[in-house]
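The two complexes that follow have chain A in common; it is paired with chain B in the first and with chain C in the second.
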Partner chain A sequence: MTAALRPFLRHEAILFVLLVAALFVLAGQSDRFFTIANLLNQGRLMTEIGLVALAMTFVIVTGGIDLSVGSILGLCAILLGVFWQNLGLPLPLAMGLAVLVGGVAGLVNGLIITRFRVPPLIATLATLALYRGLAEGISQARSVRGYPDWFFVLGQGDLAGVPTQLWILGLLTLVAGVVLGMTAFGRATYAIGANETAARFSGVPVDRVKIAIYTASGLVAGLAAVIFVSRVSTTRSDMGTGVELDVITAVVLGGTSIFGGRGTIIGTAIGLVLIQALKNGLALAGVKGDGTIVVIGLVLILAILASNLFSREDG
Partner chain B sequence: MLKKTLAFALGLGLMSGAAYAQSAWTGGDDLPTNPLACDGTPAAVASKPYDGGSPTNAPDRKGKPLNVVDVPKLIGIGYFNATSKGIADAAAELGNVTAKTDGPTQANIDQQISFIDNYITSGVDGILFAANDPVAIAPVLKKALAAGINVVGYDANSQPDARQWFVNQAEFNGIAKAMIDSLAKESGEDASFAIVTSTFTTPNQARWIAEMGAYAAKCHPNLKWLETVEAQEDNVLSFNQATTLINKYGDELKGILGMTSVATPASAEAVTQAGKCGSIAVVGLATPNAMKPYVEKDCVKSVVLWNPVDLGYAAMYVLRAVADGTLEPGATSVKAGKLGELQVINGSEILLGAPFVFTKENIGNFDF
Partner chain C sequence: MSAAAAPVPARSSALRRLVSGYGQELIILAAIVALMIVVGLYNPRFMSQSNLTSIFAGNAYIAVAAIGMSMVIISGNIDVAVGSLIGVLAVLSGTLAVGGYPIWVAWAAPVVVGILVNAGVGALVAYARIPSIVVTLGMLSILKGGLISVTAGAWITGLPEGYAIAQARLFGVPAPVWFMVVLTIAAAWWMRNSGFGRTIYAIGGNPEAARASGIRIERSIVAVFAIHGFFVGIAAVLFATQLQVIQSTVPPNLELTVITASVVGGVSILGGTGTVIGSTLAAILFAAIGSSLIFLNVSAYWLRAVQGLLILATVLADMARRHRIR
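For the complex of A and B:
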């Protein structure tokens, strides 16, 4: 690791200590928290957010943001149902197409951002409304139900004792970690976030990298949609509302700078687990929902303050 | 590049074009309807075998203290505060039940599922719920039953086999009749009207709208439905949607049906601010407190509802009876404290009673 990487390893270290501390405290509050069954179940509940957060880490490292992921999730979920029930396609094909639509939606984001030089915040704010509107329009306010049993394996079943979707999340986390940390593509991602102009003049294919990242963001949102539908066994046009905020919270808590240039997949993973552990652990300890949100807000502020403090001493 | 962009625009345009090709009343579901007789002859109760679920290896809870959690669609709104009060009242009356209400601050299926999931893990004896989606909530409720937890729904049902009993606040066709009769009486038999609902897929609202469509076709065929608009259960959005309707249809609009306890007062406020009191009738479901100002000003004449405090109260009594084993599959009625004997309908539902129409004469007697 180079010296440049050290400050954000520091953030992850702080976060990890915070996570371990939180786990200890929460385990002390309820004897039902630190059980294999509960932890695996929490893994199941956080998969959709986790998948989207992986791609979001790339997006935010480039200095961008993707607010449309929740709407893409809703759109893909609805289309999965429409492809399967209304168009009569075989379910596996419908699943594939739904993910593909997510990719196309992401590609549209990428094209708007790179070709028309629209700031990502504005572009994806617009598509947030656009995709949700399409989802609601296409669904004609009907939900699609009655999927075959095998489909539920994805969202409700187990593979070797571990929730099926957790395998997918684990695999993709590994892939994302390797791509961001060890490949030329990952280095290009950091370069764009640190200084886009410099990156452009250094021969980094800035637009192509960005388009690839936003497309990937759409693809994982599509994948998350399929898993979500399988988990709750129905499709609705309001699925995934507000997901973008949960995702961005996890990524930022994980130490990714909202200004770009900094961030790691491992940080995002820890941020994600910390939030899920707090939500679950506090609920089991008898804290009500509104209290939990307050705690998560405080932890986010504290983690970022602490990290700023340490990195300032460093410099 | 331009070509690509045009292709995208065209594709998106086509997709959204396909979105508007529907007849009937938007926002209704496609289940079969069963409109009541126009003159109010009560429908015969068809007997139907028990179709609810049952918990696996539930411990003997007869007469033992129960730890119960109530997970409504969302917390912090008048309606669910009232059901929550009813649950607390019943728990206090029973003496051997600890009940608390907890849930998401937005009507969100995913969050509601997480809340229930966490309470299953924490090991409660009973769960009371009002579903945000009848199918989406089913897997987690089945998980609760599999963990030996007693599960009773109220207000918004799940799939029947995912819970034991459901306390039905009023039959859908009964509410539909009360709404449409009031509308026709106030705005005239040939009036044009619009509907403000929560979302097109919310189970209760979708059912009511479908039943209202069927009942209107049967008993008030000249009423003209214009449009149904979605307003979540959001105050500001409901007001804006109602205002948009008033501006869009002008004098053609003679009535607004509010399908939620948020949409109705917001629609009444919109009508008041537009200075259309008397020319646009607002009929809807709402809690009396929210409607008192409009009813007293004669801007609203009929508020249709049941008593949500009684609803929560009944749900708590039903849960206690299920845990005690006094309410078993096949029963035809259940005792619910001060409400007396409640009737079992549709196999595994318990009917709270006929809907109640609040008017200027009686609204002052209610405080919720």
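For the complex of A and C:
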């Protein structure tokens, strides 16, 4: 068991050292970096990506991928506005329905992947276009504004001095960590990623586990959509464009193998914080937003390269 | 049922060989023809020369990029950075042209740089053993961020006379269409008949078997990515020269359009099968669908949804066909 855990811990240790080094360097660049206000605000900004990354960790551990999460986010955001403003539903109900639509979108992904045996990359590439298309078609480029004040508590308010959505992210990170690390469901997830055929023969309900994971991925994308709308006070159909790449970067940087079978929630959390710290620290140091994207791309490639070099020494 | 396991009848006409070998390609071709007839009857202006020119010439660069992408996917890899690379190479080309370099340099540089960049990507995939989706995801960030940082989003204008190769015509046919047709046929022939073409199928179909039969997989992967870079370079020149200005932003979702053209064209994402004829036809089909929605008075906002449904239908049909064959 400990022997099996060693490779995970090694990657996460490298990543953690990288994170600490980055924090030190960035703190030296600007006085404002290590202030409580800044750190909490950064937590606010990374919540949507973080929520989706939790489910994406499960997806990638099974050896799959979900490219449609950004489009699901956009679709749910649009439908939240439509349910509330155009259909006149009460806002809490509209919020619940928006999250539910995310779950249905994820369920559709899961069914296409398991029932028709379409490779996840292709299935979710197709639904990426489909869901974004539905969002664009339904919204006709109209944005929805004028949400009531209480709604903004979710995305702009605080609870006990900490941004509301950060509580949600923290709670779900804990849940995801426990489920993946300590339950039969988590072990089934690893088993599918390590060897799907072997998992099937040893009685793991492979299809049901996969459907549950893709559905969960859609649900958290829907939740992220509601939080996103609450944070920016408006709804637009292009919301969440490109989120899938940020999310996959965080997960892979966190040590989850793109081939499946390997990965932890702790790793994803460190990967997520590292990316957000880099974005924020470089911005405070005067690097433009586009320069930080370059750094993140470099960090992704170098981190995996370093991880590969170290793990090969194990032979 | 023993009939199900019966071997393919020995008597097979040329037509049957064509259908069995190019099933996906024929389906897409039929879809293009049917679409053109239906929309053309509804609105004759759809079949006007100017509209057909804009469909074929305006999207040829996507088909050209999809040729290289198909090879990468057939070899069992993927490139999600293709859109960013086209954006970067187009700006490189325009900058050289405006900077007073000879026009042939502005045309050749993107091709050379495309080959070098993608050979580097291939080396990271083959020798450092980083999965291609991870390397190209990183490249996507680097190229996209780098492009906007360097250019600050400024447009390139004042392009010199004679630079706009995509606006030239030969025998009345726009140059991009020539590029698309000639490169597709050449690549398809080469993939089918050359030793290296078969190598690409072999490493995608079964890497272990390919290695056991003496193929040097690492070198081959670097070569496949380099060849893909060649096509991306040409695509970038066609993209850069089709308008009087070059926007220094990466065309949004271009990588998905290119990958989708390859996959809908019959290239299996699992590697090992597919042809570049299919990917070119699929690129034309998408362009025709986009154009026909306008002529059918459907709101352009529904375009992506229609495309998504189409991709899904194609993929599901493809999977169903494959299961039947097995």
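Heads up, the rule we're going with is that the second predicted complex is superposed on the first by the 314 of 315 C-alpha atoms of A that agree within 3 Å, B and C clash if a C-alpha of one lies under 4 Å from a C-alpha of the other, contacts with A are read in each partner's own complex, and residues count from 1 in each chain.
Simple rule for what comes next: a residue touches a chain if its C-beta (ideal position, glycine included) is under 8 Å from a C-beta of that chain, and two chains touch if they have at least 3 such contacts.
Only a predicted model underlies this, so the values are computations on that prediction, with no experimental measurement involved.
When the two complexes are overlaid on their common chain A, residue A:V232 makes contact with chain B while staying clear of chain C.
Of the two partner chains placed around the shared chain by superposition, neither chain B nor chain C is touched by A:L40. With both structures placed on the common chain, the touch criterion links A:I258 to chain C but leaves chain B unconnected.
Of the two partner chains, both chain B and chain C are touched by A:L134.
When the shared chain is aligned, chain B and chain C each come close enough to touch A:K288. Once the two complexes are laid over each other on the shared chain, residue contacts for A:I248 go to chain C alone; chain B is not touched. Using the contact criterion defined above for the overlaid structures, shared-chain residue A:L111 touches chain B, although it does not reach chain C. In the superposed pair of complexes, A:G297 makes contact with chain C only, with no contact to chain B. The contact surfaces that chain B and chain C form on chain A in the two complexes overlap at residues 130, 133-134, 136-137, 139-141, 237, 241, 288, 290, 293. Residue ranges on chain A touching chain C, taken from their complex, read 65, 112, 116-119, 121-123, 125-134, 136-137, 139-141, 237, 241, 245, 248-249, 252, 258-259, 288, 290-298, 300-301, 304-305, 308. Residues of chain A touching chain B in their complex: 30, 32, 37-38, 41, 45, 108, 111, 115, 130, 133-134, 136-143, 145, 152, 156, 228, 231-234, 236-239, 241-242, 279-280, 283-284, 286, 288-290, 293.
Partner chain A is touched in their complex by these residues of chain B: 1, 4-5, 8, 12, 15-16, 18-22, 26-27, 29-30, 75, 100, 102-106, 108-111, 113-115, 117-119, 121-123, 133, 135-136, 138-139, 199-201, 206, 230. On chain C, the positions that touch chain A within their shared complex are 78, 80, 124, 128-131, 133-135, 137-149, 252, 256, 259-260, 263, 269-270, 299, 301-309, 311-312, 315-316, 319-320, 323.
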